[in-house]
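To keep things simple, chains are lettered A, B, C and D as they appear, and every chain counts its residues starting from 1.
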Amino acid sequence: MGQEEMDEEIIRELAKIVGDDYLTTDDADLVAYSSDVLSSAFKKPDCVVMPENAQQISEILKLANKEKIPVIPRGGGTSELGGCVAWRGGIIIELRRMNQIKKIDADNLMAVVEPGVICEKLNYEAKRVDLVFPPTVPTESVATLGGMVASNSSGLRSAKYGATTDYVIALEVVLADGRIVRFGKPVYKTSSGYDLVHLFVGSEGTLGIVTEITLKLKPIPKYFATAYGLFDSLEESARAVAEIVKSGINPAGLEIVDLPTQKATNKLAKKYGGKLSEASFPEAEGLLLFELDGRDPAQIEADKIVLQEIAEKHGCKEIIWAKNEEEREKMWFARKSVLVTLVRDKPTILIGDCILPPSQLPDLIRIMQDAGKKYGIKVYIIAHAADGNAHYLIPYNINDEDELKRLEALEDEIVHKTIELGGSVSGEHGIGQHRMKYMKPEHGESYEVMLAIKQLFDPNNILSPGTIFGE
Amino acid sequence: MVDVVILSPLDSIIIEKLTEIVGGQYISTDDADLVSYSSDFMIDVFLKPDVVILPENARQIAEILTIANENNIAITPRGAGTATHGGSIAQGGILLDLTRMKKIIEFDPVSMIAVVEPGVVYEDLNRVTRKAGLWFPIEPPSGAVCTIGGMVGNNASGLMALKYGTTKDYILALEVVLANGSIIKTGKSVLKSSSGYDLVHLFVGSEGTLGVITEITLRLIPKPMQISTAFAPFQNLTDAMDAIYEIRRVLTPAGIELIDLQTQKAINEMEKEQLVPEAEALVIFEIHEFSAEALEAQKKLIEWVAQKHNCNELTWAAQGKERERMWRARKAATVVSIRSRTSTILGDLIVPMKHVLSIIRYIQEVAKEKGLLISIVGHAADGNIHYLIPFNQEESKKAFAAADEIVYKTIELGGSVTAEHGVGIEKIKYMELEHGEHALNIMKAIKQILDPKTILNPGKIFPAEKQ
Amino acid sequence: MNQEKKFPNLSTMRDKITECVKCAFCKADCVIAKEILWESASPRGKMLLLRGLLDGFGTLTEKTIKSLYQCTFCGECEKDCLAGISLGEIFLASRKDLFNIKRENIPFESDTLQTVDVLCQKIQENYNPLGNLPEERTIWEIGQDIELPETAAMVYFLGCMPAYYRKNARTTAQILRALNANFTTLGSDERCCGSLSFFFGDEATAKELAQYNVTKIQETGAKKVVTSCPGCLSMLKREYPKLLGKELDFEVIHITELLAEFLDNDRLHFQSELQLSIMYHDPCELIHFAIYDQPRRILKAIPGMNLVENPEDAITKCCGGGGGVMSIDANLSTKIAKHRLETALDLGVEALVTCCPACFATFSSAAKEYNLPIKIIDLVDLVLQSLQQN
Amino acid sequence: MSEISFKNLIQAKESLDTCFKCSFCKGNCPVSEQIFWESFSPRGKMLILRSLLRDQGILTEKVRDSLYTCTMCSNCDNTCIAGIKVTDVLAAGRRDLYELGKAPESVNSLIRTIKDSGNVFDLSKEDLDILGFNPDKEFPKSADLLFFKGCYANYHSIPHKSTMRSFNILQKLKVDFAILGDEECCGSPAYLLGDMDTTRRFCEYNVSKIEETGACRVVTACPGCYRALKQIYPKLVGKLNFEVLHITELLAEYIDAGRLVFKKNGIDKLHVLYHDPCELGRHCGIYEAPRKIIESIPGVHLEEFEKNRDEAKCCGGGGGLTISNPNLASQIAQLRLNEAIERSIQAVVTACPACQLNFTISKDKYNMKVKILDISQLVGDSIGLH
């Protein structure tokens, strides 16, 4: 494993590969790379390198594999589960320098990008040819496509547009032994041999380092219709979601925010003021935030009527349509401010990402609410309702030993109950280090198959060790 | 032509053990059964297994596999056997016919999720889900007979892949029996997941070489009611493709099909009626919507774009007889080659969209140069072109040479040798060229992990190492 | 290759057989394949077995023989066949070859061929497959006070099941009398139309019976023959000309065609109301002659009758009894018939109506065997009941 | 505790612990867009300062370089979801480094210059006469309104011209105003670079000088001075008894009062992009006044940058970056100007001498076809002052 002090010889070797000013062992850099969004993770790497291309990464890995030094690829570093932390020291590979958009191919509705490209930058360029990369993550101004592929992120519009995995067509990957391999072809369908592309999507840098991604793009939606639906109960709103999705109008966004969260956001938004003060929810027992999008205004109008009918048929007391772009912004701003206001209140926050079939979303939310009551911890819940993916947001104080113990018990209970109902611990954020303990309970036998595949690709366990597999 | 793999032959003690597992009436070594499972769609190869078994559930399959693994006996899972290129036939060993496992285990219309056994026929599932306004939207041409298990094995797709994607986009979880007899569940019955490695997509499209799939959880979507189809005859291929590119950039029709002139002429001749307009390039558009207004809007846009590329006799057909006539013509486009000679090579290449024109031109050149009738019918909007080469016995060498040339050109253009039919036996020889040595070795290494003794469908996808 | 000698008929069709691309589309609507999951029972399986026999990579086993005799010749597979092969002809050719093979050349005891031989034997001797005596053919006339002239414009050709099971014959005759149609029958001279011999491959007997029946009909001078059995209709109308190598000089129609004619010429007036919700089952042989709407028009003309159409995507279309399957594997036929009855029950109708004695028999035994709460009614019975004053 | 005491950073301990490294601050940070090392991103800096405070992280040269490679543009403050004022924490860090003598040599030498010459350009009053920059003579020593010129206006030719244009505008509008003959640097550079004593010295000097003139309103054309007077001085000497205005606020006031009226002036179809100076917009919230002025000039069409108002990208010229990393400063400016070129817009208008200077240097360096205008030039041209 990574020795305490990486010896000079290796550092010189690495510097020869990437060039002196793209390697650092300076303590400041090691500190800057010692953590990701997870609050309790502070582990300094032995050094950080910033390669320019796959060839350099290949040489780095050949060296690391020989010397059994951990290597951790890292894009925007916004994973909140310790996914890109050097748990056992070693080399962090900063991929931000590989930020070329190699090609946006309008005819093929495809883009070829390097892993360090920022999501917002790709969409800025794609917009020029009327196309978009649909997965919308709140951190799009910082998140890199390499990171999104690594954790198969989805986000606010997954109801209609699915997750990153639906858009990855081909990958260039550097394996642990330094081989540079291409998986998949830049074509829309294939049944040719095993699908290794999707094996890498969501592998969080434990199977190899992605150095080029071929992505599918979609025509950019032009028209939007956004609304709040107020229901008397969460169950009713969840049932309405099921009917709406079944009606075929295919809404882009369908978010549920439970009442305690609405109240907290409104209260804290006022308290912290500034731009935040614009965030306000109408406060209903069952609140739905819908959004329809498309390219044909006539269709949007037609879908609005259908949506209104279904919602009212399922006990929706009132639908507040956003009259203009500004009101629409305000509605989404409130939704995006939930995390912001909670974090303002208490510095550290635990974010969960459990998922069940959509029909069982009310049960999942109740599991979370009951666990909160049982352990006396305030649990705020928001959900991508159409996917059955609920996030629990639990602000906590890192120095309160007792609260930390109760918090762990609470999270264990929620996750184990989700797994018992046949659900998964992560709909979109990934496993990283924080959720390793849930892998065996959730996957049972196929955990062994995953481990066997990991050992095949990375026999010396040098790629992001200490994540996904382990206690 | 075929890498025939003989693992240890079956002796009577093993047959007895197998009979104990499934019961006498679901196991047969009768030659009638060996012969009737000896071939599959379009391939002129006949391989007889040693024994055919109709298992009832995963437990029986696990026991069968344990015996097979201990005694080095090849085992080949099979659904309806409608895959092309010999994916589900085997020389010797055990053939598992899964059509007896045809229960729809669960259908949750609210979550739009269904759990089925592998033997469920595609249309039987849709007949049930249609009642709740939902469907599994792959629509493979063999949908009346093919099984969902087979579709998962080959990552099947169909006429509507442009809008709805392929089988792999709908599979949420799989129960699989591995070569060592252990039963594993990969994926969860949830609509998306970032939890560890995506093993589901590893098994989808593995053609029974990694495990026997015994339960499939799949996602359904609402079935659109507003459907209309159009014939758009174009004066030349370039106009047709330009129109297709332009339409693709702004909206996603359900399907766009292309039929070349030569095939259209043969259709009208075979059907003895003017079924198709006989233009240089006939494009069929199909759009699916939920509201009439949306349908109208899309129709106008397609008409406008088609007109821009000088196709001015675009005719729409609403649901019902007219629309059936149009799709009968599309089906006839494949049939016409099958009926013209004793055998036919059915190709399934796919190239990046912008090379569609060049690959079609290339196929036409190869046809001219070799004096063969090659019919071109395809999902042009995906870049997926089916080339059909009918041939008599004496033309077979020439036909297979033509197929090779077309495949090599496809790979040269950065395409893949099979978009939807799978590799089976006939396309093994192209795999190294398409994937490159490294990727192919990784696939073999994964096969080695899950099936160390290579008992699962040996000789498929990549040449099996001889024992 | 001794295969040509062993399977002469099949060998002449070798090209057609090798054209099968094994696409399995024929399995979509084959009632046999839906019931027996073994591939050998499906039309594709049969084609592979025959190719195996001709090319030598397959050997003749009892299961091969049984599979070739498990086919109702309903014709659905031909509609679905991608390669446009007429499978019926090929399966018939295989049965001819199997019938003619010297039994000593078959290295095992074949139960199927045993049953085939017994039945063909019976028909050759008693001119009916039901084991009755030829003279018993006119028992149906007892108590019917119908005088049948020597010659008439039309002959009512009964067929074995109507004649020996009597009810269908009596009802049909009563109807014809009520409509005072000028008709006669061949009486006890009538012999089996030869359908079963033909489908079992005993072409010689079928030809003899054809020759005999045609001469008998010509003796009556009738220019029109009506029959209440679609099996007989198909033999007389389609197979006799081929067997005898010449066109018949008389027209052959089914009872429902006749009744429809009367209805159209306003000579069929129903008196009494019959409150009944029914589903009409199309016999396969009538489908072959596209006789769809005549039976439906007649049923709709009966006051009070509520005809519910069966869903077009119903799982099965054939009753499972045709092509001799009822004799070879009765239990298979009733299992297939059960699906049709279940479709009718799903529609919520009280009765399933058909106008074919074979379908009628198959459905009746299926209803009994699986005690399904549905009545099986012969169309002619409804017609007769409604014609009479109640 | 470390043997080195970080007395300024300790006050920011709470913010350092709150930061949970969500990286939102990296999203719009002009430095992170060019330098990919995490240690140069605001998040990296926070982590470094946190480790300095907590477990005696080694104060390496990289810490110094990282801290001083920042324009203090406060984009990070605007995007921080935890509501942390990151720039305050970084300023505290700089103060500790400066006080411990660990600041970069270029910073120390600039501060020495400011201390000795009273301005950033090391020019004396006499030099002003030679350069012809010294208008002291024509203006009264006291009035209700005082125009605080600032170093750029006093000592640099390009901003000097724009400030003179502001003078002419006010004169044309018959506004009488005084100027400080012996004006010294407002102290903003010293504050940003970490020398609080010098900042305090200039603050006290300038406040007393202003109070001597009896002015109750002070206007300046430089957002740096504007922010120093408006936000920093009160923290040092308590509430000021004069109001502080930026020139754009004053001109907007005159437009509302109908005192400043624009007539047709031969400018036709001039499309301009308004660039919000960080210290005017994000720090002090002045967004609409400059826009109102531009929109009321006939023939001028105001266009908006993709990122504008509180999300506006920095020109790269602030926070001392032009001396600690001049190359980076002009690269950042180039990126901002690229948008104008892509959208083929002729001119970028700003209301800050530092931005104007930095854009001009970058435009020339990368010979970019776009005009850089100060708002007062635009106003002047359109009321006939040539």
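FYI, contacts are C-beta pairs under 8 Å (C-beta built on N, C-alpha and C of every residue); 3 or more make two chains touch, one makes a residue touch a chain.
Treat the numbers as computed from the prediction; the structure is a model and nothing was measured.
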Other chains in touch with both chain A and chain D: none
Top chain pair, ranked by number of contacting C-beta pairs: A-B
Most remote chain, CA-based centroid, reference being chain D: C
CA centroid of chain B to CA centroid of chain C, Å: 39
Rounded Å distance, chain B centre to chain D centre (Cα mean): 65
Approximate Å spacing (C-alpha centroids) for the pair chain C, chain D: 99
Pairs of chains found to touch, sorted by chain label: A-B, A-D, B-C
Of all residues in chain A, those that touch chain D in their complex: 24, 26-29, 31-37, 39, 48, 50, 76-78, 80, 94, 96-97, 99, 116, 120, 124, 139, 141-142, 272, 274-276, 339-340, 343-344, 347-349
Chain D residues touching chain A - in the complex, by the definition given at the top: 17-18, 20-24, 26-28, 36-39, 41, 43-45, 47-48, 51, 57-58, 60-63, 66, 79, 81-83, 306, 310
List of chain C residues in touch with chain B within their complex: 15, 18-19, 21-25, 27-29, 37-40, 42, 44-46, 48-49, 51-52, 55, 57-59, 61-64, 67, 80, 82-84, 313
Partner chain B, residues of chain A touching it in the complex: 105-110, 130-131, 151-154, 158, 162-163, 165-166, 175, 179-183, 185-199, 201-203, 207, 218-219, 239, 242, 245-250, 295-296, 298-299, 301-303, 306, 353, 355-360, 386-389, 422-431, 439, 442-447, 449-450, 452-454, 456-457, 468
Touching residues on chain B, where the partner in the complex is chain A: 108-113, 132-134, 154-157, 161, 165-166, 168-169, 178, 182-186, 188-199, 201-202, 204-206, 210, 221-225, 245, 248-252, 289-291, 293-294, 296-298, 350-354, 382-384, 414-423, 427, 431, 434-436, 438-440, 442-443, 445-447, 449-450, 461-462
